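Right, one structure below, let's go through it.
Letters A, B, C and D name the chains as they come in the text, with residue numbers starting at 1 for each one.
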Amino acid sequence: MADLLILPVLVPLLGGLLATALPVRSALVGTLAALATSLSGLGITLLVWLHGDLGTVLGGWGVPLGIGLSADGLSAALLAMASLVALAISIYAGSYFAGSAQARHFWPLWLLLWSALNGVFLAADLFNLYVMLELLGLSAAALGALTGKREAIAANLRYLLVGLLGSLTYLLGVALLYTAYGTLDIGLLGERLGPTPIAATALALMVSGLALKTALFPLHFWLPPAHANAPAPVSAALSALVVKASFYLILRLWTELFAPIADIGAATLLGLLGAGAVLWGSWRALRAQRLKLLAAYSTVAQIGYLFLFFPLLASLPPGTARDDLFAACVLMALTHGFAKAGFFLAAGLVQRKAGHDRISELGGVAQRMPATTFSIALAGSALVGLPPSGSFIGKWVLMRGAFETGQWWWLPVTVLGTLLAAAYVFRVLSRAFGLEPTPLQFVTNARSEIPALLLAFASVALLGLAAGPVWAILGFGAAPA
Amino acid sequence: MSAQFLYGGAGILLFALGLWSLLVHEALLRKLIAINIAGGGVFHVFIAIAYRGDTAPPDPVPHALVLTGIVVAVSATALVLALHRRLEQAEESAADAEGRSESASASSAAPPPRTPTERTPTERTPTELTPADLTPADLTPETLHPETPHG
Amino acid sequence: MKRDLALLLGILLALLAALLLWALHATLALEPGPRLAELASARLEETGVSNPVTAVLLNYRAYDTLLELAVLLAALLGIWSLGPAPAGYQRSGPALAALVDWIVPLAILAGGYLLWVGGHAPGGAFQAGALLGAAGVILRLSGEPSAGLPGEPAQRWLVVLGAGVFAVVGGGLLASGFGFLTYPPGQAKWLILLIESAATVAIGVTLTAAYVGGRPGSGTAHNGTGQSRTVQR
Amino acid sequence: MTLIPWLLVAAWVWPLLLAWPVAGQGGSWRASSATDGAVTAAVPSTAPITVPSKAHWRGFLTILGPLPALLAALLLPVGTRLELPWLFLGTALELDPVGQVYLLFTAMLWLIASVYSAFSLRTAEHAGRFGALFLLAMAGNLWLIVGQDLFSFYAGFAMMGLASYGLVIHDATPSALRAGKVYLVMALLGEVSLFAALVIIAQQTGSTEPSPEDLAQLTALPIALVLLGLGVKAGLVPLHLWLPLAHPAAPVPASAVLSGTMIKVALLGWLRFLPVGTQALPEWGGLLAAGGLLTLFYALPVGLVQADPKAILAYSSVSKMGLLMLVLGLVLMEPALAPVGVAGIALYAASHALAKGGLFLGVGLRKQAALRPALVQPLVLGGLLFLALALVGAPFTSGAVAKYALKPVIEGADWPWVAAAVTVSTVGTTLLMGRLIWVSAGTRTHSAPGYLWPGIAWALLIALVALFPFVLGKATSWTTNSVAVPLGVVLATLVALAAWRNPDWLKPLIGLIPAGDLIVLSRPIGALVKAFGGWLWRPLGRSAARIARFAIDRYERVCNEPPGDVERGLRAWSVAGALWIGILALLVLALLSGEPLVDNGEASDQVGIQADSGRQAEAIANGELPPD
């Protein structure tokens, strides 16, 4: 059963190869492969849900020699989110790129990216993670430059170099760990790792490399241009999924592998950077004149919220309170994945229809696309953290944790970030209240509007109303009272 | 032991020097070479830790990791170079377009005849840039005009 | 301002380097404990190859190698997505052409040798593929616009060959109950050789295509300055 | 039978479900103008934009929205409870006594407003959008009443508040947009304070469904935040600024529910999240009572000089909320009054909601109902007069019964003069309602079709209000206010007579204080201060003006100009690189210097590398060898 862990990596890889070899049929091959990948990812989630953590070592060599794959609750939760979001993006892309020469380039790269994404979530080997991160970074940069526009190419060139720098730094940390502990397997390393200076140096190298890749303030400089200038499905994938991969790794390293040395001071540093991200990202989003740029800066802010959890996690002993915080952090990451993907997909439709995405001139277009506007409203309310979205619960637990640990100073940051987020979301939404005509149908183009709508809906209703399963799959008994 | 440290230490120095060059120099080719040097430094460290003393055979695992790492670095370098060339083309054609519009506005004379060799790749393949991509959004002041990595 | 920043960066990096040197020194100063080396050589006989590095690359950590082929492919796909290949170089003169005629087959031959020798001595698919790629580069430099590569459909199949055979073998083993990339004893050697051969071709083609630097396609390689030089060798 | 409690879910889920088809009704808009055609031609659209000839049947689905809630309020016994542990992080729905009263009047008013909106707006622009937002606000309003936990309350509150934003700006006129802006800013501030308050309450009581006993341990911060957060919704002066702007700006049915039910929610929240009846809070209670008194007496004169009947009604709502806040403040000061006080507040809220909702709808009918048959408009005016009397609490009306219920609190308070003040306020309210009738009588009607059913529904509401005292009140309560109201009526009549004889007499007063009083007033006050300041301290004034000009300049620039590319510097590699390496260095320092705080079992025992390599060897030798 654990052998099946390879499928979410193998299926999109094979699909990508086939789509490369058959460029004329790439859309068909790609859609089918997307469906199969999504099913395999959800299947693994189901297995973890039913049977608990899964683990296998490829090649039949056992742990120190072979490369391990493992899926625990954290992996499964992110895998499920990626499966659903990426499937929606794939369906949308089928219509977005229809009849365009870009389709044959999009599909193989997109499937390779998806393969790498699943690979990151399932990997149990530090060097394998490096290869996965590089595959992710390369395919993401290539996809981001797909429009061929000058801004897009310049932005993605920078993104590629930043990504390389981040991976190299991470790799140097791996080298130090291998020197000291003689293994690359995360589980085995966890048993051997102690609070030594070498481990501390390695952690700092790995986390700072990954922070560069996950665009933590003030290292976010590459993100807005790269995400705002990519084609809409790619923007959605970059913002919703790709930055989550490196964040996932930071979370895993910080809270599991390096738990013995990840102390409160360093965690507070990460929290401060997160606070900077929340305020600066939200402010820039408020000032943005373009819809996609607004969404990109909002990603910077939302990544910041995730890092606010680190100092709280570091100052709580293992127990229910800490579990709640951890689950809330994951829940916020998942919610942001759904919401931001929905937002970007909808923004792409608006841009297509209007021929531009200047917020001040979007009124009429928003009126003519009710379903898309509604998607933006739903996704926007999830970004603000309005109930019943998942980020509402995330912020609730975050604020409660800040009070419980006496670190009340994260409270004003959260409140101010929420107000700014409401301001930038309503700034977009108020454009939709004109007196321009509306079409008779709610949905005007099902294949591209429905995926966006479903993603936005999931971020608001699915994750918020039923947050219990997130707690359950992470292995935490009950939701917080 | 000391040879091992010498070799690995040299790797770390290469890493730091590569970083410095990457961050300080503006030209993209320099940056690319710099990041390859930094990567080489990391690979040095791996090679150094594979050393098992004069008698024992070296650890094959770091060697294999370095081989993998080199292929990854080659791939990334190739992609960076291709992106860079494409960027230069895009800028050339942008400059061309500017020049053309200027000459057109300066005099009503027909633009100078262009030989086939002068054609830019963008013109060769109109399918590459669809009208949907060339939105007016590019022309707003708000559009990010990110610094190109080499200037 | 810029100079100040460069100075600041220099100081920071010097401190970082000092810290890393200290960390490395502290690590190396320890008793070298048993590492993967012993384990890897202890089980070398089961891997089907006798070169430990090849054993790691294609058996112990074959998964990494598969993904590395995917990385190579992703880079090439990215390059292809940026547009057609630029025109080639000027046709070489007779002396260089003669040299090329002589070197390219030799490189291919040497590649084949490296592939075979990889099973028990330094060598293997990557080295062999690199030589094939070098042959392609030489062809391109000598004025052959397509660098000796076939047309687009065949080229697409060739570049996915390596990762494709690798993944299909892995998936087949998984389907037949052995587990992904778990070679059955006895067949390891031949499966590895199969994968390596496919990978060699794919790497060679991919590197050459990446050097050509753009999407292959009818006529695109012959425009511009290359128009008068479409004569095939 | 076990299905019955699910009515509590249906009460708010059903309107949510209806929102989807209602949103799709598309509405009706006039034939496309030339510019529309040009736009459509320029942007090839697959969506057929057609003009529906008549109202779509889906628009009438709105009427079905409040039915489950009404059934729940009428059928379910008090104490019916439904636990939904999977919802959010565990929620519970329950019909408590106060909740039942709230649910009843809320559902009734929403029902009648739905009938009004479905018929009157069916051919209006964007009826679908209005209908969907109307249902969303309805769902939120009903949800927070049946939900007993903090999550449900906040979720319903936010849903209601933000959907109402769309209702307020529905007409998209400049004044509506301005009202919407003010409303949104204040609503968001209120919501954020409420959110913070609820988080702290959950943390301090350790429960998401805190009992009054749990709440007794609250510190000052959550109490202040709850008062602040809900004070915006309640219209507590000076947090009332949005109310007289937003209520008149919204379409008639939306104003009716905004003023009738939505602002009452603040009282429900205070009853649930303040330690009512368990702990004496003299300071907070006194503060709330004083705020209530201020609100009560501030809104009356400002309302009297309004020209728009809806603005008059909005100020009357502010004033009445002031009365309820006064009562709640008195209850907080003296917990012994809680049982009777809470019941009184609920009853008064119900009576006011029905009367005020009816008045808003009546004003709408007055403006738009058909003139034929000739009897209709006099009937409407008569209905308005009756509702106005009910609102002021004339004897034998619902208002009198409700006022009687508050009497024990007002008379039992520590402050003996409160009773007198309330009586004075009743006289003032009577005058205000007199002004409303006066203005309404003079309203010019623009008849529009489709007001037959709204009129019938409105008549039904009046019947409900008329029956109210005889169903719910004892005979002794019928004669409350038998002095104050007649006095007010006499005064109002005198003023009216004088104004009738000499129309110019009161003219200067009308419109003296525009709706949105403080916001608008602050401008002349600012000018005044500036003039005096300049005269008194000229140099100081000049520099102050300069600072003000600078600030205004900056503000304008922030709001209107596209931002410069301030991140350009950050994108320079050397800057970004220096920051990155700086962070890396700080991280290393923090990690090297810090003591691990989390004791994670064996992993954190201070083994050195030596010991560790030994253990590693052991691990490889024993357990970790691959299985054969």
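Throughout what follows, contacts are C-beta pairs under 8 Å (C-beta built on N, C-alpha and C of every residue); 3 or more make two chains touch, one makes a residue touch a chain.
All values reported here derive from a predicted model rather than from experimental measurement.
Trainee: Using CA atoms only, can you tell me which chain is the most central one in this structure?
Mentor: Chain closest to the assembly's C-alpha mean: A.
Trainee: Please report how many Å separate the Cα centroid of chain A from that of chain B, as a whole number.
Mentor: That pair's centroid distance is 26 Å.
Trainee: How many Å are there between the centre of chain A and the centre of chain C, using C-alpha atoms for each centre?
Mentor: 31
Trainee: In angstrom, rounded to a whole number, how far apart do the mean CA points of chain B and chain D lie?
Mentor: Whole-Å distance between the two chain centres: 57.
Trainee: Which whole number of Å gives the spacing of the CA centres of chain A and chain D?
Mentor: The answer is 36 Å.
Trainee: Out of chain D, which residues touch more than one other chain, so two or more?
Mentor: Answer for chain D, listing residues that touch two or more other chains: 562-563, 571, 574, 576-578, 581, 584, 588, 609, 613, 616, 620, 625-626.
Trainee: Any chance you could list the residues of chain C touching two or more other chains?
Mentor: 5-6, 9, 13, 16, 19-20, 24, 26-28, 30, 33-36, 39-40, 43, 60-61, 64, 68, 71, 74-75, 78, 82-83
Trainee: Going through chain B residue by residue, note those that touch at least 2 other chains and give them in order.
Mentor: Each of 15, 19, 22-24, 31, 45, 49, 61, 65, 68, 72, 75-76, 79, 83, 86, 122, 128, 140, 142, 144-147, 149 in chain B touches at least two other chains.
Trainee: Given which chains touch which, is the overall layout a line, a ring, a star, complete, or other?
Mentor: complete
Trainee: Help me check something: in the complex, which residues belonging to chain C touch chain A?
Mentor: Touching chain A from chain C are residues 19-20, 23-24, 26-28, 30, 33-36, 39-40, 43, 59-64, 66-68, 70-71, 73-75, 77-78, 80-83, 156-157, 159-160, 163-164, 167-168, 170-171, 174, 178-183.
Trainee: Of all residues in chain C, which touch chain D in the complex?
Mentor: 2, 5-6, 8-9, 12-13, 15-16, 19, 26-27, 30-31, 33-34, 38-39, 43
Trainee: In the complex of these two chains, what residues of chain D are touching chain C?
Mentor: 574-575, 577-578, 581-582, 584-585, 588, 609-610, 613-614, 616-617, 620-621, 625-626
Trainee: Quick one: in the complex, what on chain A touches chain D?
Mentor: Residues 57, 60-66, 158, 169, 180-183, 188, 190-198, 200-201, 203-205, 207-208, 211-212, 218-219, 221-222, 224-225, 259-266, 268-269, 273, 284, 287-289, 314-318, 353-355, 364-365, 368-370, 374, 381, 386-388, 392-393, 395-396, 399-400, 403-404, 411, 415, 418-419, 422-423, 426, 430, 433-442, 444-445, 464-468, 479-481 of chain A touch chain D in their complex.
Trainee: Show which residues of chain B lie in contact with chain A when the two form their complex.
Mentor: Residues 15, 19, 22, 28, 31-32, 35, 38-39, 42, 45-46, 49, 61-62, 65, 68-69, 72, 75-76, 79-80, 83-84, 86-87, 90-91, 94, 122, 127-130, 132-138, 140, 142-149 of chain B touch chain A in their complex.
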